[in-house]
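Which chain is which? They are A, B, C, D and E, in the order written, and residues in each are numbered from 1.
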Amino acid sequence: MRRPLYKQWVHDYGWFVLLIPLLLVSWQSVVTLGWVPSFIIPAPTSIVLALFEDSHLLLGQHLIATLEEVTLGFLLSVIGGVMLAVGMHIFRPIEKALYPFLIISQTIPLIALSPIFIMWFGYTIWSKVAIVFLTAFFPIVVSTYDGLKKGDGDYTELLLTMGAKRWDIFRTIEIPMALPSFFSGLKLSIVYCVVGATIGEWLGGTEGLGYFSRRMSSNMHTDAMFASILLLSLLGISLFITIVIIEKQLLKRRGSTK
Amino acid sequence: MRRPLYKQWVHDYGWFVLLIPLLLVSWQSVVTLGWVPSFIIPAPTSIVLALFEDSHLLLGQHLIATLEEVTLGFLLSVIGGVMLAVGMHIFRPIEKALYPFLIISQTIPLIALSPIFIMWFGYTIWSKVAIVFLTAFFPIVVSTYDGLKKGDGDYTELLLTMGAKRWDIFRTIEIPMALPSFFSGLKLSIVYCVVGATIGEWLGGTEGLGYFSRRMSSNMHTDAMFASILLLSLLGISLFITIVIIEKQLLKRRGSTK
Amino acid sequence: NSNQVSTSSEKELQELSIMLDWYPNAIHSFLYTAQKNGYFSDQGLDVNIQMPAETNDSLKLVAAGKIDLALSYQPQVLMARGENIPVKSIAAIVRHPLNHLMVPADAKVKSPKDLVGAKVGYSSIPLYEAMVHTMIRNDGGTSENVKMIDVGYDLIPAIATSKVDAIMGGFINHEQLILAKQGHTMLSLNPTEYGVPDYYELVLVASVQGLKDKPELLSKFVAAIREGQQYVQQHPDQALSVLFEHEDQTSPLDKDIETKSLQILLPLMDAKERPFGYQELESWENVNQWLMTNKLLPNTINVNEAFINL
Amino acid sequence: MLSLDDLTYSYSQSHESPIIQGLSMNVHAGEFISIIGVSGSGKSTLFKLIAGLLEPNCCEIHIHGEKCTTNRLGEVAYMPQKDLLLPWRTVLDNCLLPWEFNRKPSRGHKKEVIANIQRMLERFGLGKYEHCYPNELSGGMRQRVAFLRTLITGQDLLLLDEPFGALDAMTKKEMHRWLLELWDDLFKTVLFITHDLEEAILLSDRIYLLPSEPDQGVQEMHVNLPRPRHYVMNYDPHFIQLRQDLEQRLYEKTFI
Amino acid sequence: MLSLDDLTYSYSQSHESPIIQGLSMNVHAGEFISIIGVSGSGKSTLFKLIAGLLEPNCCEIHIHGEKCTTNRLGEVAYMPQKDLLLPWRTVLDNCLLPWEFNRKPSRGHKKEVIANIQRMLERFGLGKYEHCYPNELSGGMRQRVAFLRTLITGQDLLLLDEPFGALDAMTKKEMHRWLLELWDDLFKTVLFITHDLEEAILLSDRIYLLPSEPDQGVQEMHVNLPRPRHYVMNYDPHFIQLRQDLEQRLYEKTFI
């Protein structure tokens, strides 16, 4: 397609961009008309105002702290998740033994275990990273593992007759086949990462957007609280888009798998 | 395969079942040896004891309440999620306009919005159902939508020449093609549902395992708290297994999609 | 060289960590003042202030030896001991309940018995439930008909949006002030006037092991905060600005509210003729008795072991 | 029955040269017409155009004498090159597909259709496989099922894209015999893509040779063998001569 | 070169009758052997057994005179029925696959191999498509790439499962010409599954006919046409006679 880039963009996100001001205006009017008290949902304008007022703290300190936790936790969960998925794929008993634990780990509300995290990791960044890791881990393992299982028997047979070893098949067939599924997992996971970091910051600490939002909430500075949530959301979306762009870059040069 | 069912079972879960007592024993000894104080992680035996002691309350009241919330929220999110996914699939502008909001909805920590839920739904079951819905919704929409997109162009062309209408193609090609992906979504989602319900109960209420666990935590009854978390986890796993069984039943009679 | 000198002089300071009951606010002025004015370092202490996720976490972490000191509540200390969590109170910081039953000022409810048939929101702690029941019964009502709702963290939204008729768990120096600022004037009903024993809202807690291992350090800490509290009492404005200065680096506090808060707090923290932090056996016994009658405690607690005056 | 007049098509506007250029073709009712051409010459594309899956750039397609400008879909039976059996449906259910999409009152009762399908499966040597899933069949079997499914549509004009391409020699021969025996009762019009010259001669009334370069124009060849034909007439001198003629036409272009 | 002795195989123990029963076969170095049989008679299965993808129930497979009991994989070049090009690799990269898995020191430098592949692509009429992805090629082109990839393995024994099955008549003829011209220099041994009888006769030294019922035993036919052969010899009377003979053998079983 030789369509100019901006036209493609308008076509893709025009509707979304149209919907945004519409939503904002109705939100603003709902609040200014007093239908919803502003200490429960502040008006968009006051959120933006609060963002500017505290921009120094929010952007200069808390955003960076959260970003750090998210990045560390995400990277660790990608590494750990892929390793576990590959392990489960290559050695079936690992799957049989660990899959149930994986599911169990997801059914336990993490906050309930907060003393354990603090006992193990103290009030360092690692207690937050651990929580990010645990939230982000599951989608990566599951989707990578599912992707690896897709490896096609016919292709495998062909490669075997060429003298390919287990590792060759893994490299040439299974990894490329698993990539799309792996990226679906990454996309889910990066979104959960941000929430994970927020929850982690509630466990204790002195910085991060989650910490700030909770502080502001306990003082009923709802607008500042929403400002930090807005930033959290923007952070999540930017990270998501980053993953999408990487995915497009990696997968665009290959023919469809069908 | 004519392998007897129990043998299959042993083959599938033998490792897991072996690992369980091993873990439990080491956990028990870590606690009884005093390496970890029992008020931070109680011994398995005292958790089970607490479970029996409070079994009347836990099983008779709180488990049922949580199950109710999870079921309602899950069903609603399946219905809503599938409808949205189908809508996005059939009518592209819906996808373009709503997909970003979907992602945004996942980046916002729900607890931060708790006052809004309480304002809208009060301290009824619906505020919890709403939170369950929001946690479970995303995986279902994403995976169902991804599954629907898989619909194969060649099949579609063939069916078109047979005079198939949009709906026919949807019914005969796209739904069966989407089913495996849809079930992946369900499996993720049901696991998140349980955590969603717990978080929902923390926002306020008078029953449910999440409510009970928090109450016990305030009373420093760590063993009772872990007992309710154990139940939550068991609930999540049973629901997960239920979905897996339904999936097997539905998909077993069809040839592989490859 | 100079770098090494400074590190070696820092090494002489003994590290001590304290976990707050909640985010830093006017209550903690004495800590920040002691730190800023060097009372801690004068005593040879290097104090590290932490914040908890859950108020209960801090007791457990003190008992587990992960931190040295925690700010907690008197009944909570007794309940922890009831669960064999080896902690001991070493000082009473706030000597009277801050936690009052609050009803909207314009509501028909004027005393606890009017709450029969109404909804009362409380923040997750069963103790508050017992307090409400005691207050209603003491006021001549029947507590069975009160619907208690755990509202989690959201005390203010719950009452501000009228989802409940009263709240228990709000502090007169925080929630009440914020609600008033939002235009929701609250009538606060002091639990001590309705049959609940006068208890210490905030106590300083150490672990039994800690008291055995480093009693001198803890005594020095108590000495330093006495100095701090004295300064706060004499110069409340300066003390507040120390707190604000500290907090502005992460999350600015609401200056109006904290100023008013400190005004409310100072008399309640004052031990009169006794030194700051002094604990009376009678108070511990009353609270223990009341907790037992409300089935929140087994009758096995030796109150003498629950606290120590340092 | 079907007429194409100066058909031109290219997949993308920017594409230098069209895949099909200035193709004209006339098919009468009841004719059996084979289409031969090198790989990539646009045979499958032509079928998609006729079936209505693609819209020609400029040209008129007439089916049954009516000009079909807009929706031709569902007017002709199309069998694609790949078998495209739905993997989650049994053989029988796959064959039922055309009936499911048929909304005309004449589509008949399900029971009758199933009985009919079962009869035809028997004839195709697939009687035992009625309830099998496609992945349980060999490549040849799958192709036969796909062919059967095309017949079931009940359309007059069949577009068959290498229906016997994947069959073994014996099965193919049997299919020829069966098709030739049936042919006079079928009253169908068939457009048939094949790479087997003997098959083309044996079955067809006319053969179109698609050029390898789109601008060279199609060649047409009449197969003036008498009908009814017999499946073992391929040693008939007339037949051999026709075949030699066809080969010459094909190869003189390819190897100068 | 290759000898099978009383080969028997069934996919599952519980299966009533084996797919292949008591099959014996002897292939000499440099021979070109075609295998013909109805669909489902186990031709592809036989190839998988020889390639080492399946283990026979009982029998001995000798390759190069050595008994191969355990791992035969990587000893023979196998071209499956489907093209199985990796969709995310270009034509060139697909052809490079066998080289990548070859761990022998003789595998040569990548550059040389690429140059060699490019030369062969040119010969196959795919010179322009070197950097295309498989989904940009027509069915016939894909099959040619797959065939090329098989040759690249450099093995002496090639197992070709209908390599020309999807090619059009002209390309197929050209492939025949090319293969026959090359044949004497190749020094390869080929087992060749086909459904095209003429192709079988034209290319083979011997033809094995697999029975449709596993217990009937294979038939063997010698093609005593002189080599070098020419690709347009199919009107030669000897050729036609061989073909008639072959057809008779096949059809006498199928149609009584």
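The rule we apply is simple: a residue touches a chain if its C-beta (ideal position, glycine included) is under 8 Å from a C-beta of that chain, and two chains touch if they have at least 3 such contacts.
Heads up on the chains, UniProt names are A, B = ABC transporter permease; D, E = ABC transporter ATP-binding protein.
Everything numeric in this text was worked out from a predicted model, so none of it was measured.
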Other chains in touch with both chain C and chain D: B
Far-end chain from chain D, centres as C-alpha averages: C
Chain pair with the most C-beta contacts: A-B
Inter-chain centre distance, chain A (ABC transporter permease) versus chain D - centres from mean C-alpha coordinates, in Å: 51
Inter-chain centre distance, chain B (ABC transporter permease) versus chain C - centres from mean C-alpha coordinates, in Å: 39
Per-residue overlap in chain E, given as positions that touch at least 2 other chains: none
Per-residue multi-chain contacts in chain A (ABC transporter permease), two or more chains: 40, 111, 115, 119, 202, 217, 258
Shared interface positions of chain C, touching two or more other chains: 54, 60, 64, 153, 157, 161
Chains that touch, pairwise: A-B, A-C, A-E, B-C, B-D, D-E
Footprint of chain D on chain B (ABC transporter permease) - complex, ascending: 154-155, 157-165, 168, 172-173, 176, 254-258
Interface residues, chain A (ABC transporter permease) side, partner chain C - complex: 37, 39-40, 54, 57, 61-62, 111, 114-115, 118-119, 122-123, 202-207, 211-212, 215-221
Residues of chain E that touch chain D when the two form their complex: 36-41, 44, 81, 138-141, 165-174, 177, 195-197, 212, 232, 235, 240, 244, 247, 250-251, 254-255
Chain E residues touching chain A (ABC transporter permease) - in the complex, by the definition given at the top: 48, 51-53, 73-74, 76-78, 80, 82, 84, 86-89, 97-98, 100-103, 133-136, 153
Contact footprint of chain B (ABC transporter permease) on chain A (ABC transporter permease) as seen in their complex: 12-16, 18-19, 36, 40-41, 93, 96-101, 103-104, 106-109, 111-112, 115-116, 119, 138-139, 142-143, 146, 152-153, 184, 187-188, 191-192, 194-195, 198-199, 202, 210, 213, 217, 225, 229, 232-233, 235-237, 240, 258
